[in-house]
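Listed below are the structures to be examined.
Same chain, two partners: chain A is paired with chain B first, then with chain C.
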Partner chain A sequence: MFSVKTVALSSTQSFSDDIPATHRKHQAELDAMDLDEDEFGAGPSKRNIVTPGEVITSSKEYMRGHGTYVEEVNVVSSVTGTIERVNKLISVKPVRSKYVPEVGDLVIGRIVEVGPQRWRVDANGRQDAVLMLSSVNLPGGVQRRKIESDALKMREFLAEGDLLVAEVQAFFGDGAMSLHTRSLKYGKLRNGQLLSVPPQLIRRLKSHFHHIPPPCGPTGVDVILGLNGYVWVSNGTSQEKREGGEGFDSEGVYSDKNDDIPPEGRQAISTITNLIKLLAQEGIPLTDTLIEDSFNWVNQNQLPPGPLAPNETERMLAEVVGVDITA
Partner chain B sequence: MATAFDRRRIPAPEISIPPIYEPLLDGEAEAGPSKRVDRANDEARPIFLKTGLISQANGSGYIESGGVKIACSVYGPRPKAPPYTPQGTLNLEVKFAPFASDPRGAPLRDTEPIHLSQLLTQSLIPAIQLDQFPKSSIDIYLLILESDTPSNVLSAGLTVSSAAIADAGIAMNGLGTGSVVLTDQNGEILVDPEESEEIALQSQAQAQGQGQGQGQGNGAGKLLVGALPALGKVTNLYMEGEVEVDQAIQMIEKAIAASRDTHTVLAQSLLEGALERGIGGEA
Partner chain C sequence: MSSSRIEILNDGGLRHDARRPYELRSTSFQLNTHPTAEGSSTVTQGLTTVQVSIFGPREPRQRSQASHDKAIISVEVGVVPWAQGGGGVKRVRGDKRLQEIGASIRQTFEPVIMTHLYPRSEITINVQVLSADGGILPTSINATTLALISSGISILDYTTSISIGLYLKQPLLDLSHVEEQDLPNLVIASLPNSGKITLAQMETRLHVDRFEEMLSLGVEACQVLKTEMEDVVKSQTEKIVERMGVRSVVSSGMAVDE
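Let's look at the complex of A and B:
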């Protein structure tokens, strides 16, 4: 027993001594170490990609950020992804992962459970999010105290399976997010369809509510880009109606009934959905202009309704996004 | 006789005829798992590895390594039912497809893989930073589509599950890889042995065990090493047979050397997976 133990140690030592340079060192290390001030905030072409266990740089000069850990004197990557550097802070942004929330993010979620004074919401994170009864607006529009009868009627407002758009308010100790819908922009979703894309493709934008005006359907199409990778595409409404202006139905906020959507409206919703799916499939970050441009392209080319043919997809991506997928 | 008839299965036709192949031309290589003729005794087996093939999983990997084919999918980190755990929990399940083993395994009977999944979990746990995922669980499912020996399944399973976990973007200390090393009766060390080589060892050992007393001959054995080659760490050692200490050290070192080669392939496939998603650019 004793002899085997010593054996294992010596072999481990010799093992780490002659680890090939390809495993331990990365071009990024050299790049980062000899960095000129001009190269500061390296652009996408300067970005480097690492795999777990790869040494990025020395921990004496740099601080470890997300996606890294310190092993002896080195900052080591813990995920596959691109190296991001802010001053002395090194982090690795994973190629693909669950949504990592930040306070103030706009997310779309689905109710999974109605609990005491709270809803549990699936928002594509590591943990289910929590929406407290005290952080929603109840019908009636005006701010009012929540009373016991509201707690008993929670399932009438939001039941299991309902979709909602909300904002990340705070975090609990274990990293689970607490949501709020205390704005007329937020709340229950209807009149549309949900699609799920990798959360990395949604950038933080000035606004995550977009309206694509007619000719995209008779009333246009609304798109909500949730930062957690959930995207809601619905029948278009006017801004006033959405945000509590004229024609806003304060009693209908928690309605379960879809409005009547004409076939052209449904057609427009699915066209936009298909376009977003195509863009996401090619790993293209989504923005409102990109979605609108690709719709305009489809409209100009007068393509038949339904999913794009493969050759049309190629053309659309090349002409709208400038991405060549044929290679 | 026909009482135990499982209606969920599609019955085979009563008569079946094996397909007839054209004879191979001279010098033409036969399709199938790589043979020892392709490589030296201390060379790791060439593998095929690809990530991201199972779209509904958070991360996935597929490996072909000799006579082993495994599809692995990773779900998580996802919320775990109470009780509270300060660390994440790793659930690993190994399943054999009925057609994965020869002879064909009985359907819906998967007691065999339990020790496989335990060994795999042991080898994998040091690779994952479970302390980052309180109250969460990470679920790994390995579906064995083709298998030869349990140790080859384990070593390929370890490699492919690290690939799938990395693909899911779960924080890891390093990429785990597995390798098998075998000392045959002539004292020859074979890295990543084929099924035939392992069977030869077993039958020889049996013959010797009957003929002579114990502790005779060169000693023969098999060793499975789970390693984190990037960090120079070993996560698991599993040994069968009887060899001298010096010989065992040599075997461990050869296994570690082979695991480094596997690691290069593993890291490369992850980078390719990232490039396919349009990330990384010229890097």
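Let's look at the complex of A and C:
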């Protein structure tokens, strides 16, 4: 026997991450052995991609998960995507789909309706999300029961069309999300612009609030990557100001007025927006480091403001991301 | 028997566009052709091009329509003004004929989409005919299948569709506009894996002895189309999956550089 060395992670090996570490083998060894995951699809590249109607395995041995259904004795895929197996549970993860919320997700939404004791929020989900009056922080920051006068003032806090960042608190019986903004990190958004990307490109991370420091604009740029595919790019502020430290304006959390943003700041916001759009267009998962790296690349190359020219896009993707879009 | 000047099938056994009776028109399948839709596709079969975009599942625009246990499906069909060249009759949105096509598409897909997974929501299928040369309905159904697949909505199987005509005793597959006008024709949509038929539509009379032959021929043609579609979907999906893995490769590469 030869000793097994750990191999650098590569995209062609992602399936082997799903198996316990004790089963992890060198690629050559994997190829030589008839492991049980090989029974799903053939060959390493097409290994675990299925399309609707494709029989995955027998329903007698495996349980069906999301993205599959049982017909006669077979587990059949109902979406296009990659097979994921957890013990005896087979599910198919679609490569593109509507946002599927989970409790604790950070989302960005837009108020579509002000109702009795609640707001209806478009959060890019299957149904409108609900934000209850009891799950928001009122200006001033004091915790108290919401009274009738607060209900009458609801439109002063959040009116139709306002954007907010919130967290998924729970689900209703029909699967609609209930949101909350009971943290100083959450609340109404201003001083920036919204863009929408496919939700698959945003992964669940420890933090979805990112700050790109100067030279990206005089005060840097803040990026909020909402898991529902909405991304908020705004003028940078210091962490204390954002999260209730020194200089936090507790009365101004529901303000409708933008701060004064200098032209350089606006430039930086739109540069970052353009870069995110560009990465999303190529289907590259977004991370703070990737956005920062691509900004630094633009900065180093002294490119003129505005969208990147096609040849520069190509160069940027090749040098920063390592993707050749011409291929 | 026919009033048009073209010869449906010549002595050499070729049709007016030099196809053999069972030959399909050239096809092209493209995925994700609409920038903001959840899923979209453009399908070309011969000179007919249809773009379908799927919106949803999303909050129903009229909340009263919503069903508490399943998604509702709404279909809109439009034909661009230049689609039919000089010959065709101008059709506008809301035209009876287009409404009927929309209803057929909805009926075809209602049993195929797993609507119970999306309660209280609406799936909008927007069909846009970009150029028309016969077979609008089958092409639209094929395009809708691909758009649904690209949107990640759960469906039972691919649904492919084809038109079958009959000239004397000879069935012809995939009719063009002129053939469609002269021949009795049948449109079928089937689920190729199980061989089930979700749509069979015929507006003209036909001898019953010929029907079975046409139907089985159509099902076979649907299987061929499905194979073509699957190739496109798989290669596209592979590309997306590859891109999704890009970051992990990059971040480990970065660590080495620094």
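Some observations on this one:
As a working rule, the second predicted complex is superposed on the first by the 280 of 327 C-alpha atoms of A that agree within 3 Å, B and C clash if a C-alpha of one lies under 4 Å from a C-alpha of the other, contacts with A are read in each partner's own complex, and residues count from 1 in each chain.
Keep in mind that, in the parts below, a contact is a pair of C-beta atoms (placed from the backbone, for glycine too) under 8 Å apart; a residue touches a chain by one contact, two chains touch by 3 or more.
Since this is a predicted model, take the numbers as computed values, not measurements.
Of the two partner chains placed by superposition, only chain C is touched by A:290; chain B is not.
Touch criterion not met for A:161: it reaches neither chain B nor chain C.
Contact with chain C, but none with chain B, is seen for A:322 once the two complexes are overlaid on the shared chain.
Residue contacts after overlaying the shared chain place A:304 against neither chain B nor chain C. Contacts of A:116 after superposition: neither chain B nor chain C is touched.
After overlaying the two complexes on the shared chain, residue contacts for A:69 are found with chain B and with chain C alike. 8, 10-11, 14, 45, 49, 51-54, 67, 69, 71, 76, 78-82, 94-98, 126-128, 174-176, 282-284, 323 are the residues of chain A that lie in the contact sets of both chain B and chain C, per the superposition on chain A. Against chain A, in their complex, chain C makes its touches with residues 32, 36, 38-39, 56-59, 68, 114, 118-121, 149-158, 191-194, 230, 233-234, 237-254. Residues of chain B touching chain A in their complex: 52, 58-59, 76-79, 129, 133-136, 162, 166-175, 228-234, 237, 245, 248-249, 252-253, 256, 260, 263-264, 266-267, 270-271, 273-275, 277-283. Touching chain B in their complex are the following residues of chain A: 3-4, 7-8, 10-12, 14-16, 19-20, 22-24, 27, 44-45, 47-49, 51-54, 67, 69, 71, 76, 78-82, 94-98, 126-128, 174-176, 198, 282-284, 323. Contact residues on chain A toward chain C in their complex (touch as defined above): 8-11, 14, 45-46, 49, 51-54, 67, 69, 71, 76, 78-82, 94-98, 122, 126-128, 174-176, 196, 200, 282-285, 287, 289-290, 293, 321-323.
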